[in-house]
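Presented below are the structures under discussion, each in the form of structure tokens.
Next come two complexes, and both contain subunit A; in the first it sits with subunit B, in the second with subunit C.
Moving on to the complex of A and B:
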């Protein structure tokens, strides 16, 4: 009995120790109910409390991870888990490209690897609903989506070239204390491909889908539609093995009762 | 009788044979889907205003088209830049030329540096989304799809990724031509012109990198309406050219996103217009309507030399928002067809411009320029200016970049008063340099009285930071009589 207890103790101790090693800073996000995009009342989504990484995963953090996980190194990774764009600007398996900053978000990673990274930290990728929930915030409000400045900020990012090599923390800190949700890179979500964008956006308008409520867009003149539309479009365009220069990720963690 | 029967039979038989023959031939034409293809061929793609070589008599082929999407900063007008989204690095995108029956293998590549997914909807495609569904492609990836060109005509292609309006407003459109069997008739010059409207945060002409303004786009409040993606893409050194006697064919498209184009060439009549880019040909057309997401093929023979101005005849777009291009025609004058210089018609409800004042000035009722105070001259000069000069040189004398030189703070103007008077009296053609910019346009002689010239010149010289010369009537007369 005592041995069993000791064993459990030591295992859990070991676990916390390894996890603590490269644990990045997280903040708590208080859950709530919201309507994703500009949708209808019937589409309300309820989010529980959770913690989110303050910053996206950096090249430095990812480099440490990949050194311990040779199977995710560029020369070893199986073709079904990553395409040819995987870490494409790196010089070798464990050396960053010349112009890549250690403090820049890691990009050109596939969903499989991002998912495993979070898993190894005892975390997970955020769902679209969770990600969008936190991303509704500006500096001072949890839901700033109706503000013109909020939407203009997001839209202006689409016009700034090569932001993927900017350092983490270079955009604003939002209401929850989270940085870089807008203005740096796109981010993987766990259920990114549940979005029903066929690529033919006009057709999508007819789909009465729960996740992509495009039908509500008809006649809408709100700028926020467009900022959100583009995130949904990029999610719809990728597959789990894709690597994109402007697509990184961060992790979240459930808060245990 | 029997012989006759035989003869009749032969005729009937012959007729039968004939009909069946034409029928089988016709069949090949009507069902383009059955046209066989031989061999593979790389499509020649060109950036505007150029078009690839015609298909001529070539057989239908498997045509390989590779198009790359680039999000890149370009010049909207002098001092103003814009982040364009492009098919092939130009706005409009590369011109694709095919013939009926071609099987096109289309590969759309999205450059890895791009931020957004894109796709392409070609109006020449028969199939869901015009290819959009099959070509939705993330940055750093490419998609290939095939289609057969079934209907001849000139078609628009564009990006159809959400938000569609924004993708089009940023320049994601171009033209694909499907020629009939045997090709379109040969002409001497062919050009590719496409109109588009742009919505920027700053007003027209505000310098710096201008971001896209979604609200203005929704309100259809365009800051720029331009041919080939920017102000000046078809003026000055970029003007398209032809020689007297040549037939010019323009492939005219309109990417929108919002505005419909009233396409007109000042000083020309379109001999032939393929209405909306289809089979129907209208002749002797002054202005043809090009819908957003539509096209037209216009043809005309140029008979006299000069500069012909291409405009969207919704005319404020031409003179205030950039929808202005130039066709420069070189060659011999033909006095029978046109006696004088090219002139842009300006409607003036009263006074000045159109009618010549009689040289003998007995009927003069206006107060002579010399008797007026400076303030009076300014007032009358301003009236003349607004009626005669305003259309080209603009309200604040700022002119129109690449087309009409500025009068405000103009080094050219201030350098020589007599030369300026001379230009108003006799007109001016050819290249001049004003404030460091080259202009090569035509100003017609202004048929206004010496008094009016003195007044309007005084007004110009005493406005907009110019050197405050007070031009007198006698000065004008001296120049007039001196030459």
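Moving on to the complex of A and C:
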């Protein structure tokens, strides 16, 4: 009887461990108020407490997801939800490309699929304001934006080619315990389409920037933060069905009180 | 015996913690319950189980069951907005999916009713388009105004707005969605918007025309622009019926 008990207990322990793995690791981020590069009318933005994935979603995790959700497989996905670059380097619906590591972040995914992935885990994509809030931390400070080294690090990444092939966790662990916000891939945010600074949006948007060509840059609060400016520019230029080879995602979760 | 109970309950607990996808994947399997020889050696003959063709010995390939095809007579194409399954409330208090608008040419725009600057002009643009469409074409046409502020723009709000702006006719529909549903819809239209303060948004001014299958036919960008092309597209789509 006791041996049976032990056996079942160890099996159930094993099961819980594998399940815990399929739910990726998260850390808590304490909310606060800060001034993002592009804020609202009062400039300051207040963020509530939330949990964030420690790493971006990997090829392996995405593969498991897509096996269960055939409608997001490359041969099944509707064109309205993804362009031709969707998982373009994969060999087939469920086989990664030759040079792709299971531990590398998944890229070439559209916003629609990223959004559903997080939804299915009981999570969601971060808002731009949340993402930028966590991303302004370096190893030791929650807000390192004024440090020259912080900006230099990010800008030097922008110059490095093909970092999307690197494995997760290969960059630094920041103040909150989150890895890879800088140095690996760009990431989807839930409201990426709220950025109104692209050339296209200047044409058709009803804020004053259609009167002044440079007002997008002048409207920014921190002219030194060129790295953040690049991120907003990318967000302003992509569409939800785009798949880019250096654009991945991670999920966040609200903390229930 | 007590221990056994504990053990079984632990197992049951674990089994119930299966991920959210298991149900859908089962359904997807059911779709492929018919198999057919890829060479069609025996014509249209199908098998209920996988195996190999008795004539050419090739592996049988799954085919979509015929029943599902019969149901989908007006099948939704890959590029149709009817692929979106989010739910919407109309100004009349009904709950619909976008697919319920199928069959008519759709002219869609995203606005919010507390808007002071651009939306009245966008709404005017919509009315100008309507004015240029002959009466007989209006039957095949639906003007849809989607709110980007689902929290403020309740069905009652939208109804009032419709009356105030003389857009209460049958050809006008106002939609209130969920925050995520609206975000998704905006992404399909490539409309950008951002809340600037509680009652104020900045947003793209895009009027989109969809054919009766929900496929994008034309987009007009900007305020007070020449609507000749938009009207032309609508006329073509509504005449073809």
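One rule holds in what follows: the second predicted complex is superposed on the first by the 207 of 257 C-alpha atoms of A that agree within 3 Å, B and C clash if a C-alpha of one lies under 4 Å from a C-alpha of the other, contacts with A are read in each partner's own complex, and residues count from 1 in each chain.
Operating definition for what follows: a residue touches a chain if its C-beta (ideal position, glycine included) is under 8 Å from a C-beta of that chain, and two chains touch if they have at least 3 such contacts.
These numbers come from a predicted model, not from an experiment.
By the touch criterion defined above, A:71 lies against subunit C but remains apart from subunit B after alignment on the C-alpha atoms of chain A. By the touch criterion defined above, A:36 lies against neither subunit B nor subunit C after alignment on the C-alpha atoms of chain A. Residue contacts after overlaying the shared chain place A:229 against subunit B, while subunit C stays out of touching range. In the superposition on chain A, A:56 makes contact with neither subunit B nor subunit C. In the superposition on chain A, A:105 makes contact with neither subunit B nor subunit C.
Of the two partner chains placed by the overlay, neither subunit B nor subunit C lies in contact with A:248.
The intersection of subunit A residues touching subunit B with those touching subunit C, taken from the two complexes, comprises 201, 203-204, 236.
Touching subunit C in their complex are the following residues of subunit A: 1, 4-5, 8-9, 12, 15-16, 19, 22, 40-42, 65, 68-71, 78-81, 111-112, 115, 120-122, 190-191, 193-196, 201, 203-207, 236, 239-241. Subunit C contributes residues 3, 7, 10-11, 14, 17, 19-22, 24-25, 28, 78-81, 83, 117-118, 180, 183-184, 186-188, 190-197, 200, 202-206, 221-223 to its touches with subunit A in the complex.
Residues 83, 85, 88, 108, 155-159, 161-162, 186, 197-204, 214, 221, 223, 225-226, 229-230, 232-234, 236-238, 242-246 of subunit A are the ones that touch subunit B when the two sit in their complex. Subunit B contributes residues 71-73, 83, 112-117, 119, 121, 128-129, 132-141, 160-164, 166, 209, 211-212, 214-215, 218 to its touches with subunit A in the complex.
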